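Right, I'll just put the structure down here and ask away after.
The first chain written gets the first letter, and so on, giving A, B and C; residue counts start at 1 in each chain.
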Amino acid sequence: MSRLLDRIFRVVTGACAFGACALFLGIAGTILVKGLPAIDWQFLLLGPGEQFGSGGILYQTLGTLILVATALAVSAPLAIGLSLIQTTYLDSVRAKRRLRLAIYTANGVPSILFGIFGLILFGQLLGWGKSWLAGGLVLGAMILPTLTVALVERIEALPTKYLAAAAAAGLNRSQIVRSVILPQTRGGLLAGALLGLARAAGETAPIMFTAAVFSGATLPSGIRESPIVALPYHIFVLAQDSFNPAAHSQMWGAAAVLLGLVVLLSLLALPARLRSAEEAHHG
Amino acid sequence: MAELLRVHVDPEPIVLAARGLTVRAGRKLLLRNIDLSVRRGQVFGVIGPSGAGKSTLLKVFNRLVDLEAPPLRVEGEVELDGMPLYGSGVDPDELRRRVGTLFQQPVIFPKSIRANALFGVLHHEKMNRNHQEERLEESLRGAALWDEVKDRLDEPATTLSVGQQQRLCLARALAVRPEVLLMDEPTSSLDPRSTEAIEELILSLQDSHTIVLVTHDLGQARRVAGVVACICLRDGIGEVIETACCGDIFSNPRCAETREYLNRRAGQ
Amino acid sequence: MTRRLDPLRLASWGTSFLVGGFFALMLMLFVLQSLPVFFNEGVGYVTGKVWHFRAETFGVLPMIYGTLAVSAIALLLAGPIAIGAALFTSEVLSSRKRLWIKVPIELLAGVPSVVYGLLGIFLLRGWIYQLLEPFDPLSGDTLLTAGVLLAVMVLPTVMTLSDDALRSVPASQRRAARGLGLTVSQTAHRVSLPQAAPGIVAALLLALGRALGETIAVFLVVGRQDNQWPETFFSLRPLVEAGQTLTSKLGGSETFLAYGDPLHWAAMIGLALVLLILVATLTLIGGRFTTAKITSGKQP
């Protein structure tokens, strides 16, 4: 009886696991099958054509890269500062718990709310209109908690013997940070940054009100009224016009490029992430 | 003396036997060509330097080797009551019910004392309330823990001392009524008093159970084991160097490795 | 003395206050800018069932219903499958083979929501329409479609975090249970699941938060039909009709339309505030579970 139950348990949970994997393969496969035929050098290296949804996606790709680079440049230093406060500089257990809860709460804020907030702050109050910088800042704010959580978990997984040894050598906290914590968590920072980039690259909701337009923009030159074109927003607009088959090939092509970019970033982050997970498990 | 006589004059049937046992992890040999037999009612001590594969040998007898990652490969014959342990159609879970285990460190589930003691047996037997209470008392008495915990059975088991926790683990194993008990350095994390309690228990359990005891502590082997096997490394691979009645192996070791090991331990 | 002048320490505190100020400003602006609608509508804003901006009537209850409905569908579908998959990777598979399952699922978590939306429009919508054919649906854009799409999106979250929770149960406890002759499934049921339960609940709550806040994918397949308040909650019929969620409303063109009209704008920002409160409440409840897990894990 218990053997039979055990069999059933293995088969059912296994089906769940393989089903979930198949889901990813199915999604990636569908996008590739529909998108790859559209992709060639011209598609990647040319700007938009005359008609709706024709031509290449060079500027959309560049726009996405500009947005995520800005986001990372803004959020990485802030995340390092926050994670050091959480792990090293705060002494009181209660303050630590509160800050952690605040970070987790910020991590749960839906991305559309960052978009609305960016619209109010940058578009309305600062009068930037749609601006690439607003989009980058908003995306940076969005990935900040993700990055911070990744860093905090990495720092907390550090064996205490390192810290104890450094403290025993008479180093103060900032010296410990510089000599032990930062060098030892470089992998975690890298993994967190790559994951943050992957997430920022695929987001539409934060940039649709703050930075992105569908057409009429190439590379930004200033800050005010300096919108940008970006891959996810491009796909989003084309998808809503789903009855226009002329745009289909560009839409699927852009989706394949975006998915490829995101999967590449996630895969690059994977070794560092898995290593830290294993260390946490065995430590 | 009486024990020695019993072993020699009136040999009990063999419960556990290994012939030509070899264990590999991947391509690495851990144990080579082990022969030994454990008779009913014996306390079978296993001594030897650390890393020689004493714990691996225990895991062979209840097939915990299957759960290592990656699983260890076992060759040769291993039998429990004449039944091959690694034959097809053997249910390892069924086997582990008949062969109880006591680990180095006590492993307590975050439940009450009662739930811990009855943890295994409730999966194997359907029992009514009275029956459960009887089994609970029986196993806790068997582990000499009953008097200490009878008034606090529903408290979390984590409130017990480490020595009590280890006896609770023993009670949990006893509740399943195993034929054989495997003990892997059961006192290595305990204080002297708890160690003494466990040793007394081993001697009293001997009448009803067959016990294989891996130990680091030669004094312990001398005090409780009837027969002792010494596992030493030869070319980095564990082998049983010699097996003898307890007194013999200490007073008159036949092999150079045993002698060297005993001397080193004695010098410490 | 030297502690105060330590630049690294100062910089860390500085960045933290900057970040704190940013999020505080977010909450403050949402509250300030939505005040007019609360003055105008009062409690009716959250209990009202009609949203008609030309008549200056703003009730968000149908959108709260839509948001909760799609999220509930998502969790009901994804939860069991994700927990099953997590049990498989943590209890059945060895640590090496585990990667073969975990890597695709981690990648699934990274697929952008607009890509899910795209597949929702071009595949799922059609499948749901065919499935519902006997009920004579108006289109494939329904609350159910959005819920199914969301289920795929939150599945990796639940799975990964449940797997983490299950794996944090010490291996020695599993070995002890197996040593007593328990099978894999009995060990999972009696040892791993009870101890990982708080972590799994936290994973479900986090996924629920994600589902409540997801915009783009839901926007593309939910139908965006205003004022869909079900006559009865004992029928599944409203779920196979189009609906509107808080996020699909916010993501739509009405946000731009409302820009010039203070009351209408306040009503839109009010949606953001309601959503923020919903999600933050969930996260705080989830935080209780994770901190409970952390403290109980520290016990010897």
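Criterion: a residue touches a chain if its C-beta (ideal position, glycine included) is under 8 Å from a C-beta of that chain, and two chains touch if they have at least 3 such contacts.
Not measured: the values here are computed from a predicted model.
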Sort the chain contact graph into one of these: line, ring, star, complete or other. complete
Pick the pair with more C-beta contacts: B-C or A-C? A-C
In whole angstrom, the CA-centroid distance of chain B from chain C equals 50
Could you grab the centroid distance between chain A and chain C? Build each centroid from C-alpha atoms only and quote it in angstrom. 17
Residue ranges of chain A touching at least 2 other chains are 2-3, 6
Can you list every residue of chain C that touches 2 or more other chains, as numbers and ranges? 95, 183, 186
Quick one: which residues in chain B touch 2 or more of the other chains? 93, 123
Inside the complex, what are the residues of chain A that reach chain C? 2-3, 5-6, 8-10, 12-21, 23-25, 27-28, 30-31, 77-78, 80-82, 84-85, 89, 97, 100-102, 104-113, 116-117, 119-121, 141, 144, 172-174, 177-178, 195, 198-199, 201-205, 208-209, 232, 235-236, 239-240, 242, 251-252, 255, 258-259, 262-263, 265-267, 270, 273-274, 277-278, 281
Footprint of chain B on chain C - complex, ascending: 94-96, 170, 172-173, 175-183, 186, 190-191, 195, 296, 299-300
Tell me, which parts of chain B touch chain A in their complex? 91, 93, 123
Chain C residues touching chain A in their complex are 2-3, 6-9, 11-16, 18-20, 22-23, 25-26, 29-30, 33, 80-85, 87-89, 91-92, 95, 99-101, 103-108, 110-119, 121-123, 152, 155-156, 159, 164, 167-168, 183-186, 188, 206, 209-210, 212-216, 220, 247, 250-251, 255, 269, 272, 275-276, 279-280, 282-284, 286-287, 290-291
Going by the contact rule set out above, which residues of chain A touch chain B in the complex? 2-3, 6
